[in-house]
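We just call them A, B, C and D in the order they show up, numbering each chain from 1.
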Amino acid sequence: MITKRTDLALEARELWQESAEKTSRLSGVKAEKTKREGYPVTTVKILDQEGAKALGKPVGNYRTVDLTSYWQRKPEFFERAVRTLGGELRELLPGEGTVLVVGLGNRAMTPDAIGPEVLSHLLVTRHLISAMPKQFAGFRPVAAFGAGVLGTTGVESAEAVRALVRETKPDVVIAVDALAARRMGRVCNTVQLSDTGIIPGSGVGNHREALDRRTLGVPVIAVGVPTVVDGATLAADLLEEAGITDIDEKKLRSHGKNVTVTPRDIDAQVRDLSKVVGYAVNWALQDLEIEEINALLS
Amino acid sequence: MITKRTDLALEARELWQESAEKTSRLSGVKAEKTKREGYPVTTVKILDQEGAKALGKPVGNYRTVDLTSYWQRKPEFFERAVRTLGGELRELLPGEGTVLVVGLGNRAMTPDAIGPEVLSHLLVTRHLISAMPKQFAGFRPVAAFGAGVLGTTGVESAEAVRALVRETKPDVVIAVDALAARRMGRVCNTVQLSDTGIIPGSGVGNHREALDRRTLGVPVIAVGVPTVVDGATLAADLLEEAGITDIDEKKLRSHGKNVTVTPRDIDAQVRDLSKVVGYAVNWALQDLEIEEINALLS
Amino acid sequence: MITKRTDLALEARELWQESAEKTSRLSGVKAEKTKREGYPVTTVKILDQEGAKALGKPVGNYRTVDLTSYWQRKPEFFERAVRTLGGELRELLPGEGTVLVVGLGNRAMTPDAIGPEVLSHLLVTRHLISAMPKQFAGFRPVAAFGAGVLGTTGVESAEAVRALVRETKPDVVIAVDALAARRMGRVCNTVQLSDTGIIPGSGVGNHREALDRRTLGVPVIAVGVPTVVDGATLAADLLEEAGITDIDEKKLRSHGKNVTVTPRDIDAQVRDLSKVVGYAVNWALQDLEIEEINALLS
Amino acid sequence: MITKRTDLALEARELWQESAEKTSRLSGVKAEKTKREGYPVTTVKILDQEGAKALGKPVGNYRTVDLTSYWQRKPEFFERAVRTLGGELRELLPGEGTVLVVGLGNRAMTPDAIGPEVLSHLLVTRHLISAMPKQFAGFRPVAAFGAGVLGTTGVESAEAVRALVRETKPDVVIAVDALAARRMGRVCNTVQLSDTGIIPGSGVGNHREALDRRTLGVPVIAVGVPTVVDGATLAADLLEEAGITDIDEKKLRSHGKNVTVTPRDIDAQVRDLSKVVGYAVNWALQDLEIEEINALLS
């Protein structure tokens, strides 16, 4: 029984393994670890309904890039992070066609602002290509949409995105959102890409209508950045890390469950990661070097 | 021939009168001056195509509230401004039904930010009424949408609003935008309400597809706040005010036309006016006193 | 041995009691609980060096106002909070003389921004009284200073404040800063007032030169709002709350010590509490009702 | 009689020439035009009291860099602008010693925010050199101070800067502020450097105590960016540009004098110019390439 809260398939798999009998085997799920430009990448494939049920996530591919070493600011850390994320993202995307990038979440709440913030680093080209098709022939059409949050718009994100998809007819949607992780060490240190779509606000505890191929009619690639962890999960994992394992988790959870926390320096981390993700999306979509993206955005 | 740039029907009428022969008569246009709570209100009615052609604006009603005395901060200046604008607005709106309030313009450019800023003072109720119809029975359903600008979304405001109108089916749209005035004295001192819809970005010189009953299928009430004036118009009007009238305007215009200016203290003025307009919209739509609106928004 | 990290005298006393033998007695410390306008107030008096050593805080008076019920938004919650904090603060302040209010901390880091944010709700009067002494005779002279942080100024906060104190010669300094608490339940729910001065940045782990009567030559009243908690402390306290007490804390601490966390909705909480604290300072210093403060600040 | 309002020595000289009889000669003033990295540089030297009286500015050197072509975004426009400004600035600065960079003006008012905004692009090193003198031996000590404005601090900028100068004992002060220009074409297109100090707020019409060698005891290098123009001056100059010269300026001025205007896109221009000026100060002070500055600031 998984009670620890996580939006990462990687962690859902860990939790299954921890909770399972030694003899049992997780079927319907495949995992693989690789490296790209020095950053570890873990791929979890949920192959069937059995796997989906075990991990509590839809069937599909989940790739988690571990950016922990990003913060050490070694040579080319930014460029390598962009190419790593961008390279992985490119493999999940159709090779051509119009793209709608949706930034989910609340701009006024820092740990939830990663979606809208990413949009400010995006090369938006749809209108340029439409107005000057010859001059912009080398670009892929990209539109951007900040869906806002229900409390300030009165409209579900999924409803607003569906409206825009109908009107603008993109070939694929990339949806960027904040997530919740299980381990503090993954918060602001990992990015999960998946081809399964996303449920807006899952990182912040309000489950909403999904954005996926079923609801939107086009593939939805999700880009999620964990920015929060719940208090009880944090406590349980600090205990585990410290080798203290005989804790009555139910008891613990019954007290700490409503405290969702985020790192103290979340402003700086969201600012940095928004730029990495935005550039990675540009890098995946356009045939441009990072310095060219830089020049176009400044 | 009107060459001075203005989005205010009030000023278009003035310009017609200044340019016209003394003997001619402006037909198809009616104007009337009244006062509400101490603030002057000018109503210009464009009755037919003749009037529309003369003033360069569509047929319909235009009400301009003069808030110049607002800045003197006399007793109840805020409450009176809200009730004046709100009262005028209420007369243009259908008495019931769902409302979509659209904030046009660029949040990152202060003189163009009035639309998006107004949304942050709005009582958004659509989702609450939908979730708890009994508890929120006393409220009118209101949704809000910040359309963004073409350069950052790749999607025309009119396109995005149309998409949302189709999806959410409001009975009326209220569209808030920045305008250009002819006289500096009207900039940040007046608000124009009209039942004719609006062309996004007209205040900043980029003509786009209109938001009106024809394009959206529902009535569109425009709320416009002049925040800019063009340099040549400013010069010509300063000369007129000084009684210097024998100027070769064409010559003047050929030099100053590309300089659009705004008051130095535009940040404070946009902040103040956004609150007045937002509260006025709430006051027009909901059966609430200003202090109740205040309590709900804090 | 107190290893749990806290800036609250209230919590330092709790920790002493938890760690102490049942038979021993905390000498040199007095504590008292009262209520004001419905909000609980705990006063801890550290009477001598023995008490100071036991709690790890300087001799002096510490008053902690518990604003937990503020967030329930019952009638007059804001006014009551302002009068409670303001009333307690007034008792710590000299009855007359010029006041310098210093906002410590980093405006760009939300959990550390409470000091600078409070300044934007302050009635600053020193220059008005100096220019028009008759007209402003009814006001107490107040100046404000946002000291910035070492990383962005190159100057220690204490150094900059000392310079300003020498130049402007206030009779008392009020220093507002973010603190670290031990229990998540106190974060953004309590405000500590003390007459002992403050060490800038103690809430965020960088100990600096103190701001107190010794270093500045005038009394320093500290106003501290806990906005962060360290991860290991959070874990230990969640365990305690759950009745799990047999934990090897040293082991735990060796893992979680570098994670400092803050609530997910810290933006909204800092915004709200800054206004409460700012208004409380105005209320304590000036002979004004809250609605008069409101009118002067808008 | 110069009635047109300008803070630029360059323009004060133009105005003298326009107003003077053809036969008279401006004595005590020398001017010279050069180019650096493609950007025109005008040097005006006010040599004596006669020159000072004629131009209404203190004796000293004024260098105005014309960045008009910056906005064409030709190759290396940013780097060339930084090296041009930085190179001119270096010639006005002492070759060694500690530097205090002061950002004057109001962060909350866009046309007045250039001073505080520049500080966010500054390499602040004083504390690093003090803590790790060996490691940072290659850097020049730089501290930064945002003086705030009288209305929000209650303390004159000059008073606060003097306090900080006494405490931190810099060898030179660089003071950055917004200015008023006479011609709209110079607004956000020029930067004036001078070795005469500065009167805070002169750009926005509130004359205050000067920051100069006399009041601070150390040389003060002023960096001024014109961001506003007054309405009557704008009108008069548009007329001149259009060849309309027989205007009763007094009459004109009596009407338009209180309208101070700024370009509509002032947000973007202040953002851009703050970065240019900040990098130029870094380039003038430190032995670093622009890309090294970039790496240190990101």
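The rule is short, and it goes like this: a residue touches a chain if its C-beta (ideal position, glycine included) is under 8 Å from a C-beta of that chain, and two chains touch if they have at least 3 such contacts.
Note that this is a predicted model, so its numbers are computed, not measured.
S.K.: From subunit D, which chain is the farthest off, judged by mean CA positions?
M.R.: So the farthest one, by centre of C-alpha atoms, is A.
S.K.: Using CA atom averages as chain centres, what separation in Å is found between subunit A and subunit C?
M.R.: 37
S.K.: What's the distance between the Cα centroids of subunit A and subunit B, rounded to whole Å?
M.R.: Centre separation, subunit A to subunit B: 40 Å.
S.K.: Based only on mean CA positions, could you tell me how far subunit B sits from subunit C in angstrom?
M.R.: The answer is 45 Å.
S.K.: Got the subunit C residues that touch at least 2 other chains?
M.R.: Not one residue of subunit C touches more than one other chain, so the list is empty.
S.K.: Could you classify the connectivity of these chains, where an edge means two chains touch, as line, ring, star, complete or other?
M.R.: ring
S.K.: Which pairs of chains touch one another in this structure?
M.R.: A-B, A-C, B-D, C-D
S.K.: Note which residues of subunit C are touching subunit D in the complex, please.
M.R.: Within the complex, subunit C touches subunit D at residues 119-120, 124-128, 141-146, 148, 150-156, 159-160, 162-164, 166-168.
S.K.: Can you name the residues of subunit C that touch subunit A in the complex?
M.R.: 108-112, 184, 204, 228, 231-232, 234-235, 238-239, 241-244, 247-248, 251-252, 254-256, 259-268
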